[in-house]
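Pasting a structure below so you can have a look.
Chain naming follows the written order as A, B, C, D, E, F, G and H, and within any one chain the residues start at number 1.
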Amino acid sequence: VSSAEQDALIRFDFHRRERVGVAEAVLCAGKTTELVERIAWQVHERGQRLLLTRLDPRVHAALSPALQQQLDYEPLSHTAVLGPLPETAGPARVAIVSAGTSDARVAREASRTLAFDAVAVQEIHDVGVAGLWRLLERAEELREIPVVIAVAGMDAALVSVLGGLLSQVVIAVPTSTGYGACRDGETALAASLVSCASGVTVCNIDNGYGAACAALRVLRSLGRLQERAQR
Amino acid sequence: VSSAEQDALIRFDFHRRERVGVAEAVLCAGKTTELVERIAWQVHERGQRLLLTRLDPRVHAALSPALQQQLDYEPLSHTAVLGPLPETAGPARVAIVSAGTSDARVAREASRTLAFDAVAVQEIHDVGVAGLWRLLERAEELREIPVVIAVAGMDAALVSVLGGLLSQVVIAVPTSTGYGACRDGETALAASLVSCASGVTVCNIDNGYGAACAALRVLRSLGRLQERAQR
Amino acid sequence: VSSAEQDALIRFDFHRRERVGVAEAVLCAGKTTELVERIAWQVHERGQRLLLTRLDPRVHAALSPALQQQLDYEPLSHTAVLGPLPETAGPARVAIVSAGTSDARVAREASRTLAFDAVAVQEIHDVGVAGLWRLLERAEELREIPVVIAVAGMDAALVSVLGGLLSQVVIAVPTSTGYGACRDGETALAASLVSCASGVTVCNIDNGYGAACAALRVLRSLGRLQERAQR
Amino acid sequence: VSSAEQDALIRFDFHRRERVGVAEAVLCAGKTTELVERIAWQVHERGQRLLLTRLDPRVHAALSPALQQQLDYEPLSHTAVLGPLPETAGPARVAIVSAGTSDARVAREASRTLAFDAVAVQEIHDVGVAGLWRLLERAEELREIPVVIAVAGMDAALVSVLGGLLSQVVIAVPTSTGYGACRDGETALAASLVSCASGVTVCNIDNGYGAACAALRVLRSLGRLQERAQR
Amino acid sequence: VSSAEQDALIRFDFHRRERVGVAEAVLCAGKTTELVERIAWQVHERGQRLLLTRLDPRVHAALSPALQQQLDYEPLSHTAVLGPLPETAGPARVAIVSAGTSDARVAREASRTLAFDAVAVQEIHDVGVAGLWRLLERAEELREIPVVIAVAGMDAALVSVLGGLLSQVVIAVPTSTGYGACRDGETALAASLVSCASGVTVCNIDNGYGAACAALRVLRSLGRLQERAQR
Amino acid sequence: VSSAEQDALIRFDFHRRERVGVAEAVLCAGKTTELVERIAWQVHERGQRLLLTRLDPRVHAALSPALQQQLDYEPLSHTAVLGPLPETAGPARVAIVSAGTSDARVAREASRTLAFDAVAVQEIHDVGVAGLWRLLERAEELREIPVVIAVAGMDAALVSVLGGLLSQVVIAVPTSTGYGACRDGETALAASLVSCASGVTVCNIDNGYGAACAALRVLRSLGRLQERAQR
Amino acid sequence: VSSAEQDALIRFDFHRRERVGVAEAVLCAGKTTELVERIAWQVHERGQRLLLTRLDPRVHAALSPALQQQLDYEPLSHTAVLGPLPETAGPARVAIVSAGTSDARVAREASRTLAFDAVAVQEIHDVGVAGLWRLLERAEELREIPVVIAVAGMDAALVSVLGGLLSQVVIAVPTSTGYGACRDGETALAASLVSCASGVTVCNIDNGYGAACAALRVLRSLGRLQERAQR
Amino acid sequence: VSSAEQDALIRFDFHRRERVGVAEAVLCAGKTTELVERIAWQVHERGQRLLLTRLDPRVHAALSPALQQQLDYEPLSHTAVLGPLPETAGPARVAIVSAGTSDARVAREASRTLAFDAVAVQEIHDVGVAGLWRLLERAEELREIPVVIAVAGMDAALVSVLGGLLSQVVIAVPTSTGYGACRDGETALAASLVSCASGVTVCNIDNGYGAACAALRVLRSLGRLQERAQR
């Protein structure tokens, strides 16, 4: 397939950041290596930065060396960044809490997305409810951070416990961790949606990227409120 | 339909208590009023006691006054007992913990079944995880009771928190409390099955009776162990 | 069932507002009329306000006249408020957008919950995607409001269109509106979760109350962010 | 397995074009390489043309060189054509619109099927609803084309937006693009079926071939109406 | 609830016919009697005609006598028409074929919708596949009609048999007829979607209205093709 | 793992033929190569014959050459027979009809099972409903055969058409052929269960072996009836 | 709706008995009282007999007294017979075994259908696996009857135990008895389909009528086999 | 990824045995080889023992030789033990009964977990219900063992038969053995949950580890009961 033909399949949204505040990311799963390569160079040629998610290590390895050199690849989360990563400073504006070490891959996808947008993040791992003390000893620290992302598979009980302990934004990311009645994350998803702690909202299974985007929307809403206050 | 014809549909298991240690109970849902009435009199004529579950108030009201007089009906749990209820004494051998007041109907079905078998019970209601302090302040008390039944709908997070706090038998009864993605208790059921606290076992949705029977099996297993020790 | 026995089933969370910022509400569905009545008086005796959701008109009509007089009942949303409703002023901080008139009942539950917490709200109804112009002509107005709740059943396409047009917080409430493959809201729920517009988060089906609580969490997070900025 | 035995498994419908207007195509998935090879030669021997769909690149590569030489293989859509492809001329009679570049494989299957039947097609890719402007700027062009096939995964919101903008035939092909609650295309399928835009009809997930056949049925119905008008 | 408040919930699409060729219909299920009444009068005041679907006989009976007098109510299909029904003439342009008498309610909804739009229709009932001769003896007649709507529940085998016999447009409407593994029409829906006869397209379960709208889209597409041919 | 340990996992039912009339077969899927090998030798040592189903070609290839030599392996159905295959004579007592060539693998599993039990079989392939004439021209032949097994995937319309044409035993075997809403055979299964032709019974998806066993039960029931007639 | 209009919806299959050996029955669920009445009179006028299934007591009570007098109504099974019931004699040719008294309604539907066709039946009720002795003591008796119908809800373990004990035809009818994870009979259905006893075949949930038709097919096949043997 | 970074993902619960009576085990599925290696060394450095479950043979083979030497790997169950296995003595306190040889892998996971905790176990394999005699001849032996774990796939009929025969604790572990409507163990799971034998409790699909933990909870509860009796 020629480059021209590839280009006919792509209509990149170069102005998304202006419009909805976050640059378009490329979900690499379901795209051929050629297509990923082509999109990346299109963006590179425009001098823009790009976040690539779900970039399988084998697909990453099959990209051209020239492109690989341009990418900052993180193997746990399967994310890559094209272009420079901004500096972040100050206290964390988003906390990312995961229930088990198997959920860390999703949590890291969220934190990479936020780093791509220069947001300071605090990651807290492996504090699931089976050992409740691990979470309770971090509660004070968490109360100080305006947005909390809860990443949990299986029964996602972490989501409800966090929702009951905290009064700020809690965004749940159910994960596909587990087997059998975990049903590839469907149980964690449903349990998060019907959490007994009210006001928790939910993203798609394993969607660390989406949770980060939701956190960015909260931070932008703040900007809007502040502007309004200054008028 | 004549009584003789009704009797052809019934083959009551009068010796179940001897065989598996608990008298047969009658699940009234799905049976006509006539059939419930006929079974009850059959048992009464044999001089045995009987537990009736899921006896809808309207079906109860439609039973003959003669039978109603023989029944001890409890409206919250929709259970009735035919024949005398035994005395119970001593400290509770089973604790029944419910997440919300809407789950109490199922919890009470369990406690009525245990009362029918003369087991001392402690009921603790409305201690769901959204207000974790309510549960934690009862933890010490719960650690003293050998069998704990956890009754919870929605996300059933109570099950995992109890499983993580306690080392004895924890039997989960998911309930159909809630709406939407609660899916009539399927979410609570799945979440209980994949609880991050290991060794919790699970009964069918809303099956307080079954949880009580499971508790009775534990108490019988003890008897067996003790007999063996004395040999 | 006696009042004392009823009370044993209730463990009201009187301090929830202090802890997680929103007073506990009572979900009346699945509770007997007696229990709803009992909880309401308990709260009334403590001099607190209370929000009742999913209060069926028939259950409302069966409450004691004395309690009915204390309640402000809204029939579209099946909500009631015990105690005074606070004044709200200033521009709307939350917009509630519904796709069809059949979704208005859920949208109104959200707006009643926010009114209970003194948040100014803008409701926009019947602007589903089948007639896209209805929504596009409100886009500018919506861009000014920091939090948007999108209420939609069937295919929930409204959620994605709003998510693509707006950069602030968008909270989706899928509804059970529709029949057949709508599957009581499951399709709207799934479609919202996998919205092609990133950063939209989702509540349980028909859960207007939960969406409002999520909006309140955002407003609290923004308060926290502002405090921190001023330090 | 011998050729004779293979032939016992095949009963090719050589007269389908006469009967229902479209030649039988061979769905290669689920068939052994030997069987695909055998069917192709059977058709070739009869001097007929054949469309092969879901011909995996590895199966294609395993076919005999003699057969490979007879086939026009298109790797994006996994389709092959045996025999000459007809010329197409004049303005497009069918438009094929896809939401994302990952959906292009399905869109291309549809356009290959139509090309096999000499129908002029216009493909428009990557115009999903998250960037609504991409679609709106093509609306006028689309209004001129009698049949529109909408190819979309995830929430399939493109289907409803197209259905609301256009008054002609809109055939939805949900795709399996996406993960988690996308459920291998089930969510896109259900969302398309309950589209808020009325009169949209739906094909099986990823079934670009079927959508093209449906478009061919529309074009044949036209012929029938015209014949009748001329009587 | 006041009329003014009701009106705030309605944003009627008075120009839909101009835009997408079919006037908006009102799905009455899920709307209060007051809301149905209010919408009907709004449309009546504008001097437009209106189709009401899923108007339960009890809701119809509860409408004001003044409105009832304006409505032509058809009890089998639960549809009502406000304003005059147009005359139809000439041979049928759409055939509506139902598998069993229990499916007739859905078939009739389709024919009422087409009658509302002045399309001549031929209804053929109770010709399911269990008695194949019933269908085969109508095959010639059906081949003459440009658009065929197939209405079938249970296994929806009628859809595939029709699709295999006919070369024109076949639109399937699966119905909720049947019990058990019929799953409220889900089985008929899935079977229609994967019909072995290619090019059949599918509507939502019981959606006779949608099938009729799809047929109208075909008739409009044909108009478009004819216009183009005449240019 | 030692042979002794393997043997502890096996409790072969050597007397099944005497008890329920068909020798136990070994479902190889889910068993290790070692276990399959061990079971086969156990049976061989007892001088019995054995049918192996779902024996993947790779597992077959990994068996010891000594065992492979004892096996008659059929690659289409993935079945192997240990020991001699009996002769069959006379007219077919069972017909096996498949809808498409992709279903032949399941049909062949059924015919191999029947051949293992010396039952004469007639296989008819690729006569699905999309080309109804293919089936109708075999109807007379089929009416002469006492038991008919219908093997079909996708919509399984073949099952209903056969059930409507024939008055003898029709056993449906839904297959996993197809994609998308075929749901790995679940749609064919459900459609078969709710077939509009009454008295058709159904086996598990892809279970050609089970259908053959059901046919054997019919043939044994005949024996019973005949015995009774002779008493 | 007029009688003439009703008749347009009906196309009764008066010759089904000749064709597939069993007279058409009318499934009354989903049909209006008027339609049931109309079909019954149509059949009556032709001097034929008719079986009506799923005739709700309220619908039965709403039929005209004239028709009621012609019907033999059986309340447990909700079946009615129009015309004389034939005599049956000799030993039972079909056994109908139910697991619990709640399953008797389905078992009786099967036995009524067989009685309508003059087949001698043996009903055995309430012999579920929880009290295995109840079933084992009937095993000898069951071995003598050529066709066995197993009627069971919940886990349908009865089906597997019967299938393991008996070598003749076993037809499973899963029932909707039970609650929660019984899922309205879906669990019993699935468990029957994957029974560890091979050669059991399955009908739709609660479909006693279908199981009886399947038994009739077996008896006809046996007739065919006997004829052939005598040639 | 560095060791330090790995450690940030792990928060091992070294005191779980003290708290809930069983040492934390590591579920290796879903963890990278590096992470499994890192956790094992962490535990080894603390001088503790560790159970690893679902350790795929390929992951095991990829571990460092140093670690492999420390591990006792059991290939049937995919479990490994780090550190010494304790001696067990005396009669079995837990029986593990499996239905088929394909279920042995799950049964063995349970027995390895119990062996890790020094509990004497009796394994009984391949005694499924299709050959009921195999189970009945072990019934007496089973009645002597206080806790019984029933491991079964497909229809899980073994669970109900055991539950009906025995009066002590019966813990069901449904397995994913089987295909088609077995649905990866969902059918066995549901059938176990709705077992007609009351008081059976259930674990997640294939969760031999969880069943063993549940058995340990029973043994601890019995200890507690005995202590209390001695007070």
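By definition in this document, contacts are C-beta pairs under 8 Å (C-beta built on N, C-alpha and C of every residue); 3 or more make two chains touch, one makes a residue touch a chain.
What you see is a predicted model, and the numbers here were worked out from it, not measured in a lab.
From the centre of chain E, which other chain's Cα mean sits the farthest off?
Computed centres place H farthest from chain E.
Given the two chain pairs A-B and D-F, which is bridged by the higher number of C-beta pairs in contact?
The greater number of contacts lies at A-B.
State, to the nearest whole Å, the distance from the C-alpha centre of chain E to the C-alpha centre of chain H.
56
Can you give the whole-Å distance between the Cα centres of chain A and chain C?
27
If you average the Cα atoms of chain E and of chain G to get two centres, how far apart are those centres in Å?
Each chain's C-alpha centroid was found; their separation is 35 Å.
Hey, how far is the Cα centre of chain B from the one of chain F, in Å?
Here chain B and chain F have centroids separated by 44 Å.
Residues touching two or more other chains, restricted to chain D: which are they?
Residues 19, 130-131, 163-165, 178, 180-182, 186, 189, 193-194, 197-198, 204 of chain D each touch two or more of the other chains.
By the document's touch rule, what are all the touching chain pairs in this structure?
Touching chain pairs, listed by label, are A-B, A-C, A-D, A-H, B-C, B-G, B-H, C-D, C-E, D-E, D-F, E-F, E-G, F-G, F-H, G-H.
Under the stated contact criterion, what part of chain G meets chain E in this complex?
Within the complex, chain G touches chain E at residues 1, 8-13, 16, 19, 27, 29-31, 35, 39, 54, 176, 184-186, 189, 204-207.
Any idea which chain C residues touch chain D in the complex?
99-100, 128-132, 154-157, 159-161, 163-165, 178, 180-183, 186-187, 190-198
Touching residues of chain F toward chain D in the complex: what are they?
For chain F paired with chain D, touching residues are 75-76, 101-102, 104, 123, 125-127, 130-131, 134, 177-182.
Per the contact definition, I'd like the list of chain D residues that touch chain E in the complex.
19-22, 25, 91, 93, 144, 146-147, 163-171, 189, 193-194, 197-204, 209-214, 216-222, 224-226, 228
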